[in-house]
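Chain naming follows the written order as A, B and C, and within any one chain the residues start at number 1.
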Amino acid sequence: MKHFRSIADVPSLHELLDIAFELKKKPFKYRKLGKRKTVCLIFFNPSLRTRLSSQRAATNLGMETIVFNVDKESWKIELEDKVVMNGAAAEHIKEAAAVIGQYAEIIGVRSFATLQDRQADYAEKVLESFVKYAGRPIISLESATRHPLQSLADLITIEEFKTKARPKVVLSWAPHPHALPQAVPNSFVEWMKVAPVELVVTHPEGYELAPEFIENVKVEYDQNKAFEGADFIYAKNWSSYSEYGKVLSQDSSWMITAEKMRLTNNAKFMHCLPVRRNQIVTDEVLDSPSSIVIPQAANRVAAAQAVYYQILRSM
Amino acid sequence: MKHFRSIADVPSLHELLDIAFELKKKPFKYRKLGKRKTVCLIFFNPSLRTRLSSQRAATNLGMETIVFNVDKESWKIELEDKVVMNGAAAEHIKEAAAVIGQYAEIIGVRSFATLQDRQADYAEKVLESFVKYAGRPIISLESATRHPLQSLADLITIEEFKTKARPKVVLSWAPHPHALPQAVPNSFVEWMKVAPVELVVTHPEGYELAPEFIENVKVEYDQNKAFEGADFIYAKNWSSYSEYGKVLSQDSSWMITAEKMRLTNNAKFMHCLPVRRNQIVTDEVLDSPSSIVIPQAANRVAAAQAVYYQILRSM
Amino acid sequence: MKHFRSIADVPSLHELLDIAFELKKKPFKYRKLGKRKTVCLIFFNPSLRTRLSSQRAATNLGMETIVFNVDKESWKIELEDKVVMNGAAAEHIKEAAAVIGQYAEIIGVRSFATLQDRQADYAEKVLESFVKYAGRPIISLESATRHPLQSLADLITIEEFKTKARPKVVLSWAPHPHALPQAVPNSFVEWMKVAPVELVVTHPEGYELAPEFIENVKVEYDQNKAFEGADFIYAKNWSSYSEYGKVLSQDSSWMITAEKMRLTNNAKFMHCLPVRRNQIVTDEVLDSPSSIVIPQAANRVAAAQAVYYQILRSM
């Protein structure tokens, strides 16, 4: 594996899952592989799970980590070409990426969508600039349109908890006070489409995901109907793609409740976290044995470690 | 040792001191104990000594450290149960603590008193939530009501510098422009009560510590009288417990001066640092040979390392 | 080597360069030297290259690093003696430096010029306080008046790219919207004066560097004339020393362009970065094969590692 920006970068999903499960059992087995290698984790936005799990996964593989919060420890980075840099930005991403590439063997980058300019967000300027200029393998730690380490952890979790060969997985929109990116649902859909699952997406009208993600996926606008027979409920809020970045609904009837969970086939409840209690999902559901959000978060280590492993193998 | 929140968590103070002194002499002796273990140091508030000494102590024991400044690198964490999370907090401590517990074998937590709500502060919501939800040994890096790593370092220092079996130790309030928590004096008193010392606490009226800490301790409101025959003067400011969080006095006559030190039995001067010069204590005292604040700060490494050691041994 | 604040601290430039080139070829050769040693990197100001390269260099030598952003993770530090500390500063540098010295074997310090008070800046209060009070080898990570790790990397780069024994090196002022310190040009001049190069400095009138730096250096106020026959063009903005901290000119005719580069002897273009494109230098020059800013930044690792090496050898 050269980079890890989306499932399209994964040569074999089967092999990636195999190594993830092996590393979960024996986290320190391949420490020699990372010896004397440094991964630099670059954050343009806050992070808890991604930061900690990526750091832990690197450590397990014998790598050194350098965490760099660009938004706090550095200056504004210019992304546009051919501008006269007499404003706030003190450094161009061409230099920043190339320089960081001199100091680390692998680079992880987190850069959220701005939700201001759809075309710019979906062009993945920050992530792709690192790919273009750093000269090193780049791992997305959540970009404007995808969160592949989360999706891999999600798939690992579904594989662990499924009780049938082809479980029904429902991605359900849920209400949130703020406008959130589409990265997690985009990415989840992208991975579930190639996984051995029956995927259904449910959301209010106006929340359709970008065509390139949602094509060939079943969308059911009736949440109750979607939940019928579900083995996994994956809750997540996102803002509108068509009316880009807008919050079109805060309809609390879309919150995941115990009552709705009873419509399912005793489904497991999943969420990428952080999750707002009694807004996205009730305490009752989140604190029930059906909730697997903590094992799901724990799988972020195995996911990151499997990705590092495959990248280190290719170096 | 399971957790380290207060002296009540210490099975044997004698053994803890013994291992601290051994580790001070041979800091790298038990490196195998921490091998492949990670300690995550979580800061809800700023830190210098605690952060650096805890990191160094972990390194000495062969552990990896992840430092995470929640207040700067993450989002607001909700502490209350059963709330509808539609405000500033994006994640509940139930999830945050449980997730961090998936990524590290030991967790250190710093969370100061807010000084707004006495009951809430003394309930130690943040620290106890980590104990309840993280599923890992929790070390206090200073909580709302105690600073046990500091107290252990204080005791190590007194043991090193004492010239008699049972020295007189005076904890003296001193003036400060801002309202400070009671964590350091509470904790100091708690440890000195079980240490082989004669403890006297002196402060202006209205600065009485919480009953559960000050019970069975001699309080002397006349600072000069308290200083008579003292072997150690431990200066510290704190805000009022009874008029919770209030600054009742800024009386500069309580500042520790060379003149006052002359009332003592050639006492050593101690302070947990940071200390405001010529406010808490004069330059003359702090720069004199009687001041042992730097060896005291140095002992923070041995203290943290002894605590890690005992926790690692119990895992 | 005891400390590393300026070239005056370097016992033998020849030896320092030799070890830098050796470490560049074999970065992991001397890992035993740094074993069980910790370097604490203290930042009073933001950093990208210095932070990352100093961390990587320490890792290469087997050292542990602790990064501490004083400006973000701590409180205000008092620098002045004999003040009553009842204002914003919660800790005096006497204590802060001495305490950090208890937790790390080597300390790196970044503290920029304020550009408010020339005498204070040129007295190097922060850096020299660490030297005075920390009791450990101190490495400048850029101080108010110098950036010696940068200068050493610059010299390594010139040695690598020069095509004649004594190349002509031109330090050229270039326009910038803000007032910048004189640390980089001061330091560059100081190192080039003892290097086997012909040094010429060019800048508009009023931008003369401090006498102790510029003495015995050729200054040419005509930029075009200065560029004639140059083998290296080193661009950098700085604010005025005589009218201290002032921006006297933003004359864009001083920007480095392809046209100006044609006046040279096919010169290489250098800059310490971050660089403002189309303000200091045009895209055309920076993106041309003549630009060596990335290898120059890469040499920051060899520079830091050579300095660590010599300090570790002297401990």
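By definition in this document, contacts are C-beta pairs under 8 Å (C-beta built on N, C-alpha and C of every residue); 3 or more make two chains touch, one makes a residue touch a chain.
Worth saying up front: this structure is predicted, and the values here are computed from it rather than measured.
Chain contacts in this assembly form a complete graph, since each chain touches every other chain. The copies chain A and chain C differ by a rotation of 120 degrees on their C-alpha atoms, rounded to the nearest 5.
Centre-to-centre separation between chain B and chain C, using Cα means, comes to 39 Å. Annotation for chain C: residues 72 touch two or more other chains. In the complex of the two chains, the chain B residues touching chain C come out as 28, 43, 46-49, 51-53, 55-56, 59-60, 69, 72, 177, 273-279, 283, 287, 293-294, 297-298, 301.
Looking at the complex, you find that chain A touches chain C at residues 36, 38, 40, 64, 66, 68, 72-75, 78, 81-87, 89-92, 94-96, 98-100, 102-104.
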